[in-house]
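What follows is a group of structures, each given as structure tokens.
Both complexes below contain chain A, partnered by chain B and then by chain C.
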Partner chain A sequence: MTSRRAFLPLAFFTVAILVWQTAVVHYGQRATYPYPMGVVDAAVRTIEDGSLVASTSNSLLRVLIGFAIGAACGIPLGVLMGFVRPIGRAVSPIVDSLRSIAPIAWIPMALLWLGIRGNAALFIVTYAAFFPFVLNAAQGARLIDRNLVNAARALGASRALVVRSVVLPSALPAILTGARVSMAFAWGSIIAAELAMGIKVTSGGSGAVGLGQLMVSTLYVRRDVNGLVLYMIVIGIISLCIDLAMRRLQRSLTPWRT
Partner chain B sequence: MSGKIDAQSLSKTYVSARSGERVEALRDVSFSVAPHEFVSIVGPSGCGKSTLLALVAGFVAPTSGRVLADGVPITGPDPRRGVMFQDYALFPWRTVLGNVEFGPLARGATREAMREIAHRYIDLVGLKGFEQRYPHELSGGMRQRCALARLLANEPEVWLMDEPLAAVDLQTRNILQDELLRLWGDGDDAAQRRAVLFVTHGIDEAVYLSDRVLVLGRRPGRIKETVDIDLARPRRGLRNSAAAGRYIDYIWNLIRDEAARAIVEETA
Partner chain C sequence: MANATHSAVAPAPAIGVGPTARRLLRGLEVLVALAVVVALWQAASVAVGNSTLLPSPLRVLHAWIDLLHADLREDILASLLHLGLGYALGVAVGLLLAAVSTRFAVLEAIIDPLVELLRPISAIAWIPLAILMFGISAKVPVFLIFYASVFPIFVNTVAGVKQVDPRLVHAAEMLGASSRMILTHVVMPAALPYVLAGARLSLGVAWMAMVAAELTGSDAGLGWRLFWYQEFFAMDKVMAVILTIGVLGYLFDTLLRALQARITRWSPDSAVDETR
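Let's look at the complex of A and B:
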């Protein structure tokens, strides 16, 4: 049943790959245009020499650290903004103006302040991850049902318990939505940040090379178009995995939402 | 006065944050609830019934006047006054068990005590077997029972109930009324009963359940009349009695005109 449904797209995919391969090989433009077997070769080569795994995990590590910092700062601020109206009114203008600046626009400044090691990229990622957390946590806390707060207080709950067992769970679905957006933003900007700072680091021989930096050296130093495609595929697959994982997390953390 | 609850000259005026418009919800309302007494509040839409309950619960402060509980002015919510909400206000992220455990948890019970108390009251309201369900997996009547168990688990001295049976169908409602009376101690020694303040728009319900009915008028909300319901307890079997019917007619005549006006004004 499912295998029959999968047949048509799979067949089409195979044909497309074959056409792509023959076209590039036939016209002999292998230096400029990537082709499937070349991508496979690049995959084998970079997996064997360890550079693919190392750079991917370097990038992912930065994303995870940035995501964690963004969550640790963004969630409390957002909840506070949503639940305590005066704070929300006071802080919103600043938050709104800062979040309108695309994270990658901070790259020059980040390079100036933090240099071209890993920290500039980490700053960009944290910046990207921070705002979706703030906005969604604030939204979640703002929409909280006051009756539930009253119910908890009438049952004897202290302020701390109200925050822990009413405000946070109320805001949790929105926070998790924020987490999904944060992750997507963070992963998107890490590549951009690493691309921007890439070449110097690689020529400087740093160990903390991420996927974006690897792409830069692949483009300018090794001139390997197949490698570039490989990294694009890896980036896409990781985005997909991140989103699937976040969706699953959302389902398992908020079982009361059908 | 020395009731369990004493409301003294309560007035409440809301000021709309947007338009600055002032709405007088209650004017000069005084009443008291004796320690073992079941008192209902009825009145047309917009008479401030729910506001009155929120004042006694301590969720909002009166514009003037005060409410005393055991002679002490109320300044905020207190677990000795349990509240049941119109939409039940169950915590959607907690199971039935988790909801019922919340009161004991908030008051610092141990894990074992919490569990034991919760199971006892879940049994009492007939929700055994549904402990692990979330509120959205329950019917309206079951949610209502869960809310009742949550209230009872805190063993409050006063039950404040805001149209708790408004959202269930008529048959369920009749059954739950009898359940409520049973849990309150309708058939037992009066000394075991708690003080109840019960807001409803059902006059028949108010008459069937209560010792006394406060009839409110609207715009502004004020007490029009207090009606003592002199029916024997237990009430079971008196639901459709002639005596109950007379009380219902009497109260209905008190509020009919205003209720009719409320319909017109609310559609306008």
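Let's look at the complex of A and C:
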């Protein structure tokens, strides 16, 4: 049964890829439609000239920096909102309304404030990464067992100690969930930001070119469909890897949660 | 400080403070917070001293009122059209795929890996290919909204159907219900909270995809308008459009949340985590 379940999709996709390849080659449409071997060619070419690796690592670096800033600002705010109820009630409508603004909508302002050298994209990523941290940290801090806090206080723990050794550990699972959502969201947003920058700012490759800008130049300058499909696959693989890594982190940091 | 003591007894009615008074107090808290934000914004724009770099709240409000009488209505309409078409298509296809794949194991064996392969490729990554396929037009945002909204509704609906308690199905079978009756009276109501949660998640990602697609590959809509005003350096208008995007996104989410709470009043909010 299990072998049949694996066999059927495998056979289906093999046939589909073969049909796709032969159809495109047979009808002589290699310039307008992507096809499997063309994507492989594009992969070999962009890996050899280094553009794929360089731009991917530029994008990933921005995501990591944005993620770190988002965590550094979002976790304290979220814990504060969840732990001190009046603050939570007062701030959460503001957080909710700012959260409703799609991060990418800030791109004109970000370009104005931070310039086209990549910092605008960094702003968008940070904005995207910030809110999942706030929401989940607040949720985690809100659901803390008040008895634990009261017990610690009764035993003479200071407020700072309570936050460090009771509040943060109990909010950790929620914070890690926030981190996973935030990382996924940040990865989507960096591509969007770089695409928008690449399309609107024709700056001839100034600054550190990311995957999004590479896609734009592939689209408008080289008109290489196979390259576009390759970058899409790379984007997909990276978001899978990010998700797997975050899940593993979650398991190793909070092993008591299944 | 009075607030802190009264929140400590939140579940029980607070002594001396009626429900209306409490609601007023909460409204006051929100107002104070909003006032603080506007004041900070105003202070920042005075400190910057450049109305292009950081327009003051009042300027943005003026720009917003101006725009409401002019372009903004068209943009909102165009965006809503994109969203409506793409989202309706996405939800329809997502539900259809979910129905087919929970019904026939053979199709599930094909649809499931296909979805798992495509889902990590975010809608955003499709933008260049969509521009190549459709040209700069309304088709780009519609396609992206469709693509973005298919997956959450599909995944949630499948999860909803799979979690239906088999004992309920067996009980209905034993009492002589036809398979059609089981579908409409047991499976569908039990899966409904999941479907609605999926619909809400779908709308959230669809909204983000819409803004990104209109920014890059459309010739109408709120996202497109952002860069339009940027080219004239009318940053007060850009801010007005950004705020409009935020307000509309917030309204949609609140609307769907209320709808969800109303339709599935019997069920606790059962959203499946959006990344799984």
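In this section, the second predicted complex is superposed on the first by the 241 of 258 C-alpha atoms of A that agree within 3 Å, B and C clash if a C-alpha of one lies under 4 Å from a C-alpha of the other, contacts with A are read in each partner's own complex, and residues count from 1 in each chain.
Methods note: contacts are C-beta pairs under 8 Å (C-beta built on N, C-alpha and C of every residue); 3 or more make two chains touch, one makes a residue touch a chain.
Owing to the predicted nature of the structure, the values given are computational and were not obtained by experimental measurement.
S.K.: Identify the partner contact of A:109: answer first if only chain B is touched, second if only chain C is, both if each is, neither if none is.
M.R.: second
S.K.: Applying the touch criterion given at the start, work out whether A:180 contacts chain B, chain C, both or neither, answering first, second, both or neither.
M.R.: second
S.K.: Name the chain, either chain B or chain C, that contacts more residues of chain A.
M.R.: C
S.K.: Per the contact definition, I'd like the list of chain B residues that touch chain A in the complex.
M.R.: Within the complex, chain B touches chain A at residues 57-59, 76-79, 81-83, 85, 87, 89, 91-94, 102-103, 105-107, 134-136, 150, 154.
S.K.: Under the touch definition given earlier, write down the residues of chain A that touch chain C in their complex.
M.R.: 5, 8-9, 12-13, 84-86, 89-91, 93-94, 96-98, 100-109, 111-113, 177, 180-181, 184, 187-189, 191-192, 195-196, 199-200, 215-216, 218-219, 223, 225, 228-229, 231-233, 235-237, 239-240, 243
S.K.: Residue numbers of chain A touching chain B in their complex, please.
M.R.: Within the complex, chain A touches chain B at residues 145, 147-148, 150-158, 161, 165-166, 169, 172, 254-256, 258.
S.K.: Where on chain C is chain A touching in the complex?
M.R.: Interface residues on the chain C side: 3-4, 7, 10, 26, 29-30, 32-34, 37, 52-53, 106, 109-110, 112-114, 117-118, 120-129, 131-132, 207-208, 210-212, 215-216, 222-223, 226-227, 229-230, 235, 238-239, 241-243, 245-250, 253, 273-275.
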